[in-house]
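Per-chain numbering from 1; labels A, B, C, D, E and F assigned in written order.
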C-alpha cells in the first residue's frame, strides 16, 4: 500500500480536491426500444440504464394483486473492468442488483401498477469507480423518462477515505488502494437515504462527515438530472441546441 | 490396503465388536420452522431432518389429483467430509435423495394428501459413515413429528465387511478401506426392506447374514425412535427431566 | 497445411472423385418409441433421428393458437468425435439445432397442428463430416415416417473445397484441412434451398458451381429417401426381402 | 431434490391383477417365463472413433456405449491407478418420458449403478493403467446412451458397457525425454479381472420376474438390481423403486439373480467373440 | 435479476400500528426492550471434521459455520497473502420461505455482508497465511448454514463465523525438498487482529430496534446492518431492505450499534472461552 | 433444443402485401431503396479499459464491441498461433424481445456468425500472435453487446467487431529469465490480412432488400447473411431464418452482397480513420 493517493498539496491522484466530483454528463432518452432510458458518465465510468414497463408480469405466478413488481439487473460488460469479467452474473452483480432495486422501489408508486412489472436494466460499459451510484442516478432518470410516477428522483454518489482523508466520488484507483468506499443514494426531497453501503474502515464521525459530503453532492446531481430531463422535454425555441 | 481394520482380538478400529453399533442419539422437534424435525447422531455422523407440509404443490403442474407428492433432498454441508465438498448437489447426493425418498414414500399414506406436497430435507452436518441410513432414521422421526400418517416408522443402519468380517454400522474409515457397505432401511412392523444398496463385494451368504444383523439393529433403533418421540410428547410428571 | 487432399490423379484422400458421394445407407422406422424415426449412414457419419408428436405443448405457455411449434435438438454423442465432446450442449450444437429446425419448419404444414408441438431429435453417433446435412436427411425421413404432412421431403449434402478443388460430400479430414465447407439442404420439388451455411473461403463462382453439385446430389439422396420409405411401407409380395 | 410422481390409479390395479393372474400360471404378458430374459443382441466396435463401443439390444431396449481414452493425472491418494468414469444419458428419442437437458435423477442413478457394478467387482485392473506414477495415467470415459427404452435399462447398460470394455483397445505410451508419446501402431487390450453383469428383478406380490417390461415395473411392488462378478460374488445392489421388499423375497432374488447372471455372462462372452 | 416481491397489504399496516404502539411505551412483541438482543448461545468445535466450527443461536435463529483449510495459490497481485472466502446458504429446513437450489440474492447478500465485516476490519492477518511466497498460501473456506431462521441472520452469521475463526486451528507446513508437507502433530491458531461483530437494526417510524424479529422486519421502514471492529470503527454498512432512512436516524443507528457491538463482542469472547 | 415460435397470422400477411407493393415501385417503408443501407456511424476507442472498442450504429441498431487481450496457452495442435473468441449478448434493454440470462440460440448464432466471418476470411494473422511457441500466445476476447436493436444485428456486429480489431492495440511482451513481461510503453497494432464485412439480405417474394428492418424480417420469406473479404471472396454464409430460398435468388444475393460489401468496407475504413 505504498501508492500515495493524496499529494503534498492535498490533491488526489487525478488532481481533484477532496470534495470535488469528477465531470458528470447525463443524457435522457438515449435508447430506442425501452420505455425510458438514460446515459450517465462520471469520470471514466459510463453507464446506460433502460426501463421497460409497466407491462404484464412474466412469469405469471410472480404477479401481485395489489401492486407492481420491480425487476432490476445491474450488469457489467466483460471489458468494462481492468481484468476481463467472466460472462454471466457474478455474485457482486447479484448483490448490487438487489440494493439498487430496493433503492428505486422505495420511491416508485408501486400501488399504481397492480399485476404489472417494471424492468430496470443498468449496463456498465466502463467501470472507473462509483458504478452503482452512477447506475442509480441513471436508472432514476430512465424511470422518470418512462413516465413512472415516483415520490422523488433519486441521486447517488460515493464517498471514500484515502490516505486518511475523506473524499467525494472516489475513482477506481482510490477504491482499490484507499481505505473505504461508501456509496450513498438519497431521495433529496424526502431527505432520506435509500441506498447505503460501506466497504472499509471509517469512524462514526467520518461516516457522519461523509454523509454530509454526499448530501451536498446529491443536491448538485439532482439538479443535473432535472436539467437533463428538461433538455429532452423542453419545447425547443426555434431550433436552438439539441 | 495395508490398514488393519480388525485387530488380533477381533475388535474394530474404534474398539467395537463386529456386531456393535456406535452410540446413537436422537431428538425430535429440534427445528423451529418446520412442521416436524429430528436430530440424529451416530458416532461422528450428525444429521438434521426437517419436514415441511403437507402444503400446496409448487410448481402447480406437478400436483397429482389423487395423491400427494414427496420431495426429498439429502444434502451435505461442505465441511461435513474430510475433503471440502463443493457447493451445490453432487451426483451422489442426487442419487441418495432418490433412494431416501423412495424408502419414505413407501410408508407414507400419500392418498390422504391429494394435490399436496411434503418436503423432506436431510442435512448432513458431519459425515462419519452411515449418513443415508441415519438420515432416513431422522427423516422418519421428522415425518412422525409432523404428524404425517405412515404405515410404519422406518429405521435404518448400514452393514459392512472389513478384513473379511461382517460388521454392523461401519464408520467412515471402515467404509473407505473395507470391502463392502450395505445400507439397509426397514419398516419393522411390515418386516420389509424399503431401502437397500450394496457397494462392494459380498457373497450371497454374507448378504443374508448381513441382513439379519441389520434386522436386529433396526429393532433397537426403532425402539430408540419411539423413546425419542415419547420424550417430546410425554406429559411431564411434575417438572422432571427435559 | 501440408496434408495433400487431392492426389496426382485428382482423387481424394478416400479415393473418391471430386463429385463422388460416399456410400449412403438409410433406414426408416428404426426406433421403437418415437412416432417416426430414421437412421442414416454417410461414410463414417452415423445418425439417428426421431420424431415425437404432434402432442400437447409443454410448457403450456409456449403453445400458439393458430399453428404448431417445432422443437429440434441436434446432439452428438461424447465419443462421436476424435476428441471427446463434453457432456451437455455446446454452442455449435445449439446453432445447428436452430438451422436444422428452421429448415424443417419451412416444409411442415404447421397450420394443421394448432396448439401442438412436434419434437425432432437428431443424435449423432459418429461424426465424419456432413453431420448436419445427414441429420436433416434423417429428420426429414423421420417426419415422413411419423406421418407429418410436409410440402416436400428435404434432402441435404455438403459441398467443400479442398486443395482448390470443389468436392462433393466432404469427410472430416477434408473439413479439417480443406478450405471450405458448404452444407446445403434443398426442398427438391420446390427447387429451393432451406438450409445454407458456408464456413471457409469460396468465390462467388465456386459457390454457384458448388450449389449445382449439391442440387444434383440432393436429387439422388431424395430418391434414396423415397426408396427407404417404400421399403418400410411396401406391401411385401409373398415374403420377399425385409 | 428428488420428487416422487408415480401415478398409481385404478388402471394400474386392474393391470396388476391381470399380470399377476398370468404369473400364477407361470406366464408373462409377452409370453416369456418369469425367469426368462428377452432376446439379447450384442454388436461391438460399432463406433470406430471410440476406443471401444457396443450396441446392445435387450428386447426392444437398446443401449449404445462408447469409450474414449485420454491421459490425465491420477488422484493424489491413488498415484499409480488409472481412472474411469461412467455416464449415462436417457436420450429423448428413446422414450416419451425422457426429456432433453441435464441428466435427471434416473439417468444419474443409472450411471452410478453401472459404475458400481464395474468398480466394486474390480473388473478393471486400474493399477495396470498407470503410465508415469503420480503423473500420468489412463483416463477411461464410459458413456452409455439409451437409444430405445422398453424397460430394464440397467442390465442392458451394464452389458453394453462391459462389452465395450472387453473389446476396447488402448494406445500404448512410452516416456521419451520426460514426455510421454504414443507408440505408433501399438495397442493393448484393457486388463480385466472379471466380467460383471447385473440382473434386474421385479417383485409382483409374491412373484419375481427378471428383466421386467415397463408395464411390469409399473405394477411391481418394487424393483431390485443386483450385480455379480464371474465368481457369483455380489458387487452391487440397488432397490431402485419405492415399495416393500420382504426380506425373504430379497433372499430369493439373490439366488435367482445368480442363475441369470451366469446366462448373461455366457451371452456376453458370445457377443464379444470370446464365447 | 433482482425481483421485488414484498407484500405489504392491510395486515401489515395493522401489525405495524400494533408494534409501534408497543414501542412508544418501550416494549416489543417478544417482551424485549428496543435495544435488547435475544439470548445468544455459542458452541464451538461442534464439527470435528472442520478446522473450525461454531453453532450460534440468537433467539430461535440458529447458524452453523464450518471452516475448511486448504493449500492453494495466492492471487498474483497479493503473492504473500492467504485467501479466504465466505459462503452462506439458507437451508430450506430453516424457513418455509427458503428454497433448495443455488443461492438466491438473499443468500448472496448475506455471504457478502459476512465477508465484508470480516475482510474490511482486517480481522484475519492474511499476510501471516503465506507458506511459500507467490506459490503456496492457506486458503480458508468459511461456510455459514442457516439452520433455523427467526430473523436477523446477519448478526448471528457474523458471530458464528468469527467464533469459528477464533477457535479454529490450522495445520503447520514446512518445505521439504521443494515440496510442502504438514508438520505432524503441530497446529496453530488463526492470527487475528480484531473481533468484528455486526449489529442489525430496524427502523419503525421514528423508533429503532436492534436484532429484529421477522414480524418487525416485515413492518419496518427499513433495516440496516453495521459492522464494527474492536475499536469501534465501522467496517461495513448495508441497508438491506427498501425504504426511506432519514439521515439523522442513520446517525442514531451508528451510535446504538456501537453500544450493542460491545455487548456482542463480550458475549463472543465468553462463547469462545476467552471472556 | 431449438424451438420455433414465429407467429405469422393475418396481420403479417397484410403487412407483407403492403411492403411488397412498395418494393414493386422500388420503395421501402423507411423511404430507403431496396439495396440501400441505413446510416452507419462508427466510433472507436470508446472504452479505454478495453484494448480495442467500437460503437457502431446502423440506423437505430447500436452495437458496442470491446476487446480484451490476455496471455494464455495455445491449442496443442496449433502451438504457434494466437487464439481469439467471439461472444455476443443481446442486452435486455436493446429490445423487448430480449431477455436477461444466458445467451439464447439467437445470441449464440450471432456470435458464431461474427466469428465465422472473421475467422474464415483469415482476417487476423494468428500466427503472428505467438509469444513463446507452445506455451504463451495472445488470447483475444471479442465481446459484442447489442445495445439497441432495430434489425440486422449481424452486419452491425461484424462492423463493430472489425472496427475494434482494426483500431486495437496489444501490449508487447519479451521473455526475461524464462518469464514473459510486458515491455513498458510499447504497443502494437493487431496484424490483419483483410477487412471482412457481412451483408444481410431479406427475400420478400421475388424482391431482395439489404439491411432489413424488423418489420421486413417479419414478412420476409427468408433472411441470408453473407461475409466477404477485401477480395470479394465469400467467407461465411448463413440462412438465419426458416423459409424457401430459390437457388437463383441466392445467386442474385451473392452479387448484391458483393456490391454492398464494398460500400460497407469503405465506410468501415472511414470509420477507423483509414478511409
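As a convention for this text, contacts are C-beta pairs under 8 Å (C-beta built on N, C-alpha and C of every residue); 3 or more make two chains touch, one makes a residue touch a chain.
This structure is a prediction, so every number in the text was calculated from the model and none was measured.
Student: Counting hops between chains that touch, how far apart are subunit B and subunit D?
Tutor: Minimum number of steps from subunit B to subunit D: 1.
Student: Compute the shortest path length in steps from subunit C to subunit D over the network of touching chains.
Tutor: 1
Student: Please flag the chain sitting at the greatest distance from subunit E, going by CA centroids.
Tutor: Using the mean of the C-alpha atoms as each chain's centre, the farthest one from subunit E is C.
Student: Count the touching C-beta pairs: is B-E or A-E ahead?
Tutor: Output for the comparison: A-E.
Student: From the C-alpha centres, identify the chain that is farthest from subunit A.
Tutor: D
Student: Quick check on the interfaces: A-F is repeated by which of B-D, A-E or C-D, going by over half of contact pairs matching?
Tutor: C-D
Student: Distance from the CA centroid of subunit A to that of subunit C, rounded to the nearest Å?
Tutor: Roughly 51 Å, centre to centre.
Student: Cα centroid separation between subunit C and subunit F, in whole Å?
Tutor: Measuring from centre to centre gives 27 Å for this pair.
Student: In angstrom, rounded to a whole number, how far apart do the mean CA points of subunit B and subunit F lie?
Tutor: It comes to 58 Å between the two C-alpha centres.
Student: Can you tell me which residues of subunit E touch two or more of the remaining chains?
Tutor: In subunit E, 1, 100 touch at least two other chains.
Student: Which subunit C residues reach two or more other chains?
Tutor: Touching at least two other chains: 73.
Student: If you connect every pair of chains that touch, what shape comes out? Choose line, ring, star, complete or other.
Tutor: It is a ring, because the chains touch in a row that closes back on itself.
Student: Which chains make up the ring, in order, starting at subunit B and heading to subunit D first?
Tutor: Following the ring from subunit B in the direction of subunit D gives B, D, C, F, A, E.
Student: Which residues of subunit F touch subunit A in the complex?
Tutor: Contact set of subunit F toward subunit A: 46-50, 53, 60, 62, 64, 66-68, 70, 87, 89, 91-96, 100, 102, 141, 143, 145, 147-150.
Student: Quick check: in the complex, which residue numbers of subunit A touch subunit F?
Tutor: The touching residues are 31-34, 37, 44, 46, 48-50, 52, 55, 73, 75, 77-82, 84, 87-88, 119, 121, 123, 125-128.
Student: Spell out the residues on subunit E that touch subunit A in their complex, using ranges where they run on.
Tutor: Residues 1-5, 7-9, 105-106, 108-109, 111-112, 116, 120-122, 224, 226, 229, 232-247, 250-251, 254-255, 258 of subunit E touch subunit A in their complex.
Student: Mind listing the subunit A positions that touch subunit E in their complex?
Tutor: Interface residues on the subunit A side: 62, 64, 66-67, 69-73, 91-92, 94-95, 97-103, 105-106, 180, 182, 186-187, 190-204, 207-208, 211, 215.
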